[in-house]
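One structure, pasted below without further comment.
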Amino acid sequence: MLSDFLQLMLQELLLTIIIFILLFLKLSSKELSKVNLLNIINLLLLINLIGGFFTTNSGTLFGDMFQTNDLLIFEKNILNVGVLIISLQSYDWLKTHKHLVEFYILMLSTLLGMYFMLSSNNLLMFYLALELSTIPLAALTNFDLEKRQSSEAAFKMIISSAFSSTLLLFGISLLYGTIGTLNFVEIPAALNGSPLQLFSFILLLTGFAFKISAVPFHLWTADVYEGAPVAVTSYLSVISKGAVLFVFTSVLYTVFEPLSTSWYNMLFLLSILTMIVGNLFALRQQNMKRFLAFSSIAQVGFILIGISGQNIVSTASVVFFIVIYLFSNLAAFGVLTIVSAQTGKESMNDFNGFYKTNPTLSWVLALALFSLAGIPPTAGFFGKFFLLLAGASKGNYLLITIAALNMVVALFYYLRVIQAIFMTKNEKPIEKIKVHLFPKLALLLCVIGIICTGIFNTVYNYIFSLLK
Amino acid sequence: MNEISINHILFLSTALFFIGLYGLFTRRNMITMLMAVELILNSVNINFVAFNKYLFPERLDGIFFTIFIIAIAAAEAAVAIAIIINLYRSHQSIDVEDATEMKY
Amino acid sequence: MPLCGFVVLGLFGKKYFSKSSGVIGSLLLLTCTLLALYTSYNYFIVEGPINGTYPTLTVFHITWLSFSNNLSIDLGILMDPISVMMLVVVTFISFMVHLFSIGYMKGEERLATYFSFLSLFTFSMLGLIISSNLFQIYIFWELVGVSSFLLIGFYFEKPAAVAASKKAFVVTRFADLGFLIGILLLGYYGDSFEFSTLIRQLTDTQSLQFTAITTASFAGVSILTWSLILIFMGGAGKSAMFPLHIWLPDAMEGPTPVSALIHAATMVVAGVFLVARLFPLFSIAETALNIVTFVGLISAFLAAVIACTQTDIKRVLAYSTMSQIGFMMFAIGSSNVGIENSLGYTASLFHLFTHAFFKSLLFLAAGAIIHIVHSNEMKDMGGLRKYMPITHLTFLIACLAIAGIPPFAGFFSKEEILLAAYHSNKIVFFIALITSGLTAFYMFRLYFSIFWNKQKELHHFHHEGTWTMKLPLVLLATCSVLVGFIPFGKYISFNNKVAASHFDPIFSIAPVTIAVAGILIALWIYKNESNKAKQLAVSFGSIYRAAYHKFYVDELYLFITEKIIFNLVGRPAAWIDKNIVDGMMNGIANSTQNISFLIRKVQSGKIQHYLLYFFAGIISMLVVFIYLWK
Amino acid sequence: MEISLLPLILIPLFTVLAMLLPNSQKQIRTIALLGSIAQLIFSIALFYFYIVEREAGNLAHFYFENNITWYAPLNINFHIGVDGISIAMILLTAFVVLAGVLVSWNMEHRSKEFFFLLLLLSLGAYGFFIALDLFTLFFFLEVAVIPKFLLIGIWGSGKKEYSAMKLVLMLMGGSALVFVAFAGIYFDSNINGTPTFDLVQIASLNLPIAVQKLFFPFAFIGFGIFTALFPFHTWVPDGHSSAPTAASMFLAGISMKLGGYGCLRVATYLMPEAAKEYSTIIIVLAIIAIIYGAFATMMQTDLKYINAYSSVSHCGFVLLGIGILTKTAIDGAVLQMVSHGLMTALFFAVIGMIYDRTHSRQVAQLGGLLKVLPFISTAFVIAGLCSLGLPGLSGFVAEVTVFVGAWEKVDLFYRIVTILACASIVVTAVYILRATGSVIMGPLKNKEHAILSDASWNERLAVILLVTVIIAIGISPFWLKDLLSPGTEIIINKLLIK
């Protein structure tokens, strides 16, 4: 029993230990300089990441409350990679921040929450994990303590997330009322598609839709992304979103499989709305973070299409796309983090003529944006292609056509940024930026990811083998 | 016919739910909004307990869930209030209408 | 046997195209000429008629571009009397012109280019003559057109020259459109582009192709006729037949020797040559043949009338060329199958032959004159006979020849033509008669007003030009005296049979008298400076003016192109593209932008609105998925 | 005689990578030049080996095939191979790219990025022409689009941002439609249970008629946008005129051919029934493009616009040939692709040279250049003559083939169409001669132009390169014809089944 416990929950335990270490560090951080702290922390995260790769067990704990298997472990590792990259990128920002340990503690506890959410095998567990991964984020959002926007964003986030979670709970309660169980394993058998169940399911769905910010439950996203510190924004847009998407997929495919016809229609509607609205809003954004927020909303639309394929290929494609999306988006945010940390500039116009002064960063950003737009040879192309292919497997070509045309619209606003960087004349562009080693590493990692993940088939095949 | 049926309780909880919603949508004071959220949560709690008691008495899932909800609600409220305080520092007000800088 | 001659010749054609100095050019051409003469000697004399028919040899034949199993463009060399005859003409005249040019173009810094163009032209002309199938003809046809375009536009800094070259090219191009379509038609129905095959398949009334092409009809006229008419359209374009003649006068902007070569002797008769080539087909399509006749007739007459009024010496010659070609055309048109009436065919080719000599002579002489006077206007000339006796003499000979005075070359050929016309159709005959009278008249008008008349004082005296300029004149003069005596019919007739040349002194009285009359009138008017001419002009009044303005054909064309094509088609197309089609594309983009601007209000920044939308979303989903979308 | 096609992709790839290392403009351009020369040599070698193979009696459809599994779960393979058509296209690309590198030899401003992107484009084109797997095809298709945005936007002239954006968006719109078509084909092509992207396999099993009818328009319009299908041609003028010389050479010379090739290889080849179904519409659109493009050209005053619109008109011939669906016509279409590619590349090169010297592309401002720039002017005239279809140059061969092909269809509609198409060559003559007459001939309009210097060695080389090929095709088209006909033969046979 205990050995089981130790083995199956290895990642969670590791993370918890790290959090505790951080606590002690915090207590004794008087004599440690910030730089050393950061070095130590990143080292710990690296250990965590590596540790993740040595756990290959599957099984359940606590009377089916907690489950784990290779796919989940892989997903957790993806999250680890993301967290590591983010922490490396936000080096410059954190160096100057006085609460950096708290930052990490909060972030890692949300990560822990996501772990549990992934592994949750029971609605109660799921709810707990969800809250664990949400509430600290609200605090993180407020981490630019003296910035008005930051606290406004935090407020909006906490209220809306509280609201969504209440609705989620309401849904859960109704579901519980109809079928009398919270266990994922038992739910499918009991589902019969009665209106009340549909009602509760819709409430559940909106809970997810809120987290992955699908239209019309997305409105908090832009404001929060804009207000939050860049590091947190990237965390929100990649890690938490990714985690929820993983869970969403598995829950839909396993737990609510009996309702698949109705949720296919819902996804159909949601994805179209999400793509169109996301794109339309992204068209005219000036603030880079806000722009990326909406672009990520549009991305979610595509992911929903992928999910709607509901077969093994589509699961693989979704996971694969999230990996790529993680690299691309983090690359974009990384450049943004560096720039805003050193110059405090986040508006698109500030990037005019950026290429003249910082060619390398410009190319990285361009690469990231191309990948987000799904342009070969970047990995984004493959991700998009497979997603849409998965979606098309249902033979719903209207959906695919709309999606394909939306990709063109999306391309337009990504190209706007490229245009600003490379073409627009600017007397005094952002001056030459000196990049520290850690962010460099992070960006390098992203670029490698962007280029190699697609052209070489290893990642995809690995995911696929996990699903078999 | 003096014993209370589940319907009454559900009615109560639903009423609570909508009262909470109403408060959330209309109140302009942030703290009040928070209270409204609590109302909704409580309606959920009532639901759980009621279902558990009336429909599935043999297991205690609902009860446990309620307990957890209460706990988490507390945590949530704590964080929320902390944020609101911080917001008050910068905005000198806890009126929702004042926290609308970021739009479009 | 003649193969070698031609291969060498073709090679030379290529080679001296790249080489480019006058002397080399001329020398190479000399060799070509000799080769050509040699070949023709072989062909006609040595080989001789095999049982009374001259063989049609196809030498050296490769597939150039194959379309379907039996339809393909080949390159080949076809040898029959007319091609051999043309060969001699082209090479000889071209040689003369080269020679003349050496003197004429002296001091021109782009001499090399000039000669290379000239040689290119000769090459493509030869190619045209010897080509063995329709498409090959078309190919060289185009090449000829381009080289003439280049040569006309040789003085590229003169806007007039550029305009003329453009005009020439576009007009002929337009004509070639018809030609091309005609070729396609014939090729499709005749299942081949080869002359030999085509003629064989289409002339025997049993063959599939024959039935196909004659039964298939468009607008009530059989396809055969259509295709032939279209092809003739091409020919008319090149040979400046009415109404496609407008480019010829302007083409005189080019260097005079070029006019002599291209626009007198060789290229312009390509049309006649083409018709002659396809004569067997024409002869089974009555309508087409008649069209040929009347087009020829009209242009002959009109051109003659216009020629009487022009004052630019080269233009006069140009119009006379046009009218002469008109003669050939209606001659060939007025002859149809039948031993007797094939006369016209022979006659026209005979006239083509002789005309080449004296017309190029005329042009070269004119060139010599212009060389000295530095002007094309008649009124700047006068009494030149003292200064340039040789030119004077040769010019006189040429005039006599073209006027058809025995025993000069023109007499024989023209007489035959008239005879043919007489046999086929009386009206044609009379018009032709008048026209020949007019010819005599305007030629001598030219002659007298240049060489006699009151002498204008020249700015400074010139000698008559180098021997290279005189020699060609003399040679050509002799030719135009002598070639008439060649018993032409013996060599060339429509079925390559040896036919006796019909020469009928009695008949020839009429034309001769008419011609003499013309000359006398000219003499009376233009011998001395007098105002008879003006009186005459006045007395003719409107006709004169109309003729002077070339019957306003140019203006008509100008109107059509500028007003209709450009304004009514071109501009709208451009406009539509700019505003409508493109506007549509941009419209999509803009509307997207606008929508995104409109819906921005949704993101109001008020948290409670967000929550409201959130809840509304849920409610609508409930409505949709629980009640509507089961 | 078995050789691998991979070098065709690897050579540009390595060139591009090698270019990242050095920084001096000289080294970079040298690398670029060497790379493109190597590419040309390899292409010619390919051509030679192909001939050898055929001589050896190898009658396979595709030669030198190479099938590497890429994404096994989705049954996506990196499948490449060539037939005559692709080889012709590859040769075209090689020539144009080399010429482009030569023309932009003196590019100082960000030369590294410039050559990098240019060769990236060529990489895309090569990949596209050898791909036998729809996924691979699509991959390279898009690779060949995006660099144009940067090329036009950074090095372009005029309203470059607008044009670049417009061009890329329209082309990507096209490829979006293509994607939909591919997805449809993919799921409707079940080789024993697993859907496939493999072009050969899909061709082997005939798609259901309904599927063909549904997806043919997607594929055809999608590719059609690339090759200026009538209502979607508006990116052509702006894009071409704003692009830097080499880019517009590539644009008009090659990427417009991507579309034609795609229409042929994917739309017509995989969905013959639908092709027959829609052929009338295609023909009508093509004719509109031809005539109306020609007339629109007459009104242009900017040399690049003139050439751009004439490209619309000429590419109309490609679509016409494809729409007519007779072997000869399709031959003609491919011939036209090659010939137009060379001709228009030459044209843009010359226009670029003129622009570099006179800093003007307005017909009204130029004149009498023949006196000061004899070489360039001659090249201009040659390009012009080729474009108006002069025998002895490649244009004539292609157009005549299309005409004859169109003529093989009997009924009146096709007749009229053909005659209209023929009529367009007269209009072509008009506008070409107008341009030539006022730019090259006539008196020297602008006195400053009197001191201009004629073409430098690299420009001469580029021009000679292109002219040689144009004349080679014009004088002896049969070699190209023989190269193409096996490929078209197979496409036609597929059309003639049932």
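Order of writing sets the chain letters: A, B, C and D. Residues in each chain are counted from 1.
Basically, a contact is a pair of C-beta atoms (placed from the backbone, for glycine too) under 8 Å apart; a residue touches a chain by one contact, two chains touch by 3 or more.
In this text, all values refer to a predicted model and were calculated from it rather than measured experimentally.
S.K.: Using the touch rule from the top, work out which pair, B-C or C-D, shares more C-beta pairs.
M.R.: When the contacts at B-C and C-D are counted, C-D has more.
S.K.: Centroid of chain B to centroid of chain C, CA atoms only: how many Å?
M.R.: That gives a centre separation of 98 Å.
S.K.: Between chain B and chain D, what's the gap in Å when you average each chain's C-alpha atoms?
M.R.: Comparing mean C-alpha positions, chain D is 66 Å from chain B.
S.K.: Indicate the whole-number Å distance between the mean C-alpha point of chain C and the mean C-alpha point of chain D.
M.R.: Going by mean C-alpha positions, chain C sits 37 Å from chain D.
S.K.: Could you state the distance in Å from the CA-based centre of chain A to that of chain D?
M.R.: Taking the mean C-alpha position of each chain, the two centres sit 42 Å apart.
S.K.: For chain C, write out the residues touching at least two other chains, lowest number first.
M.R.: 589, 600, 603, 605, 607, 611
S.K.: For chain D, write out the residues touching at least two other chains, lowest number first.
M.R.: Correct list: 169.
S.K.: If a residue has to touch 2 or more other chains to count, which residues of chain A qualify?
M.R.: 155-156, 159, 163, 167, 222-223, 412
S.K.: Dump the list of chain pairs that touch, please.
M.R.: Touching chain pairs, listed by label, are A-B, A-C, A-D, B-C, C-D.
S.K.: Name, in rising order, each residue of chain C that touches chain D in their complex.
M.R.: Touching chain D from chain C are residues 63-68, 71, 73, 135, 138-140, 142-143, 146, 153, 156-157, 159, 162-163, 165-166, 169-170, 173-174, 177, 180-181, 184, 187-188, 565-566, 569-571, 573-574, 576-577, 581-582, 584-586, 589.
S.K.: Spell out the part of chain C that touches chain A in their complex, as residue ranges.
M.R.: Listed in rising order, the residues are 589, 592-593, 595-597, 599-600, 602-603, 605, 607, 609-611, 613-614, 616-618, 621-622, 624-626, 629.
S.K.: Quick one: which bits of chain B touch chain C in the complex? Just the residue numbers, please.
M.R.: Against chain C, the touching part of chain B is residues 21, 24-26, 33, 96-97, 99-104.
S.K.: Which stretch or stretches of chain A touch chain B in the complex?
M.R.: Answer in residue numbers: 124, 127-128, 131, 135-136, 138-139, 142, 145-149, 151-156, 158-159, 162-163, 165-167, 169-170, 172-174, 176-177, 180-182, 222-223, 226-227, 290.
S.K.: Considering only the defined contacts, which chain D positions touch chain A in the complex?
M.R.: 70-74, 135, 138-140, 142-143, 146, 149-150, 153-154, 160-161, 164-165, 168-169, 172-173, 176-177, 179-180, 183-184, 186-187, 214
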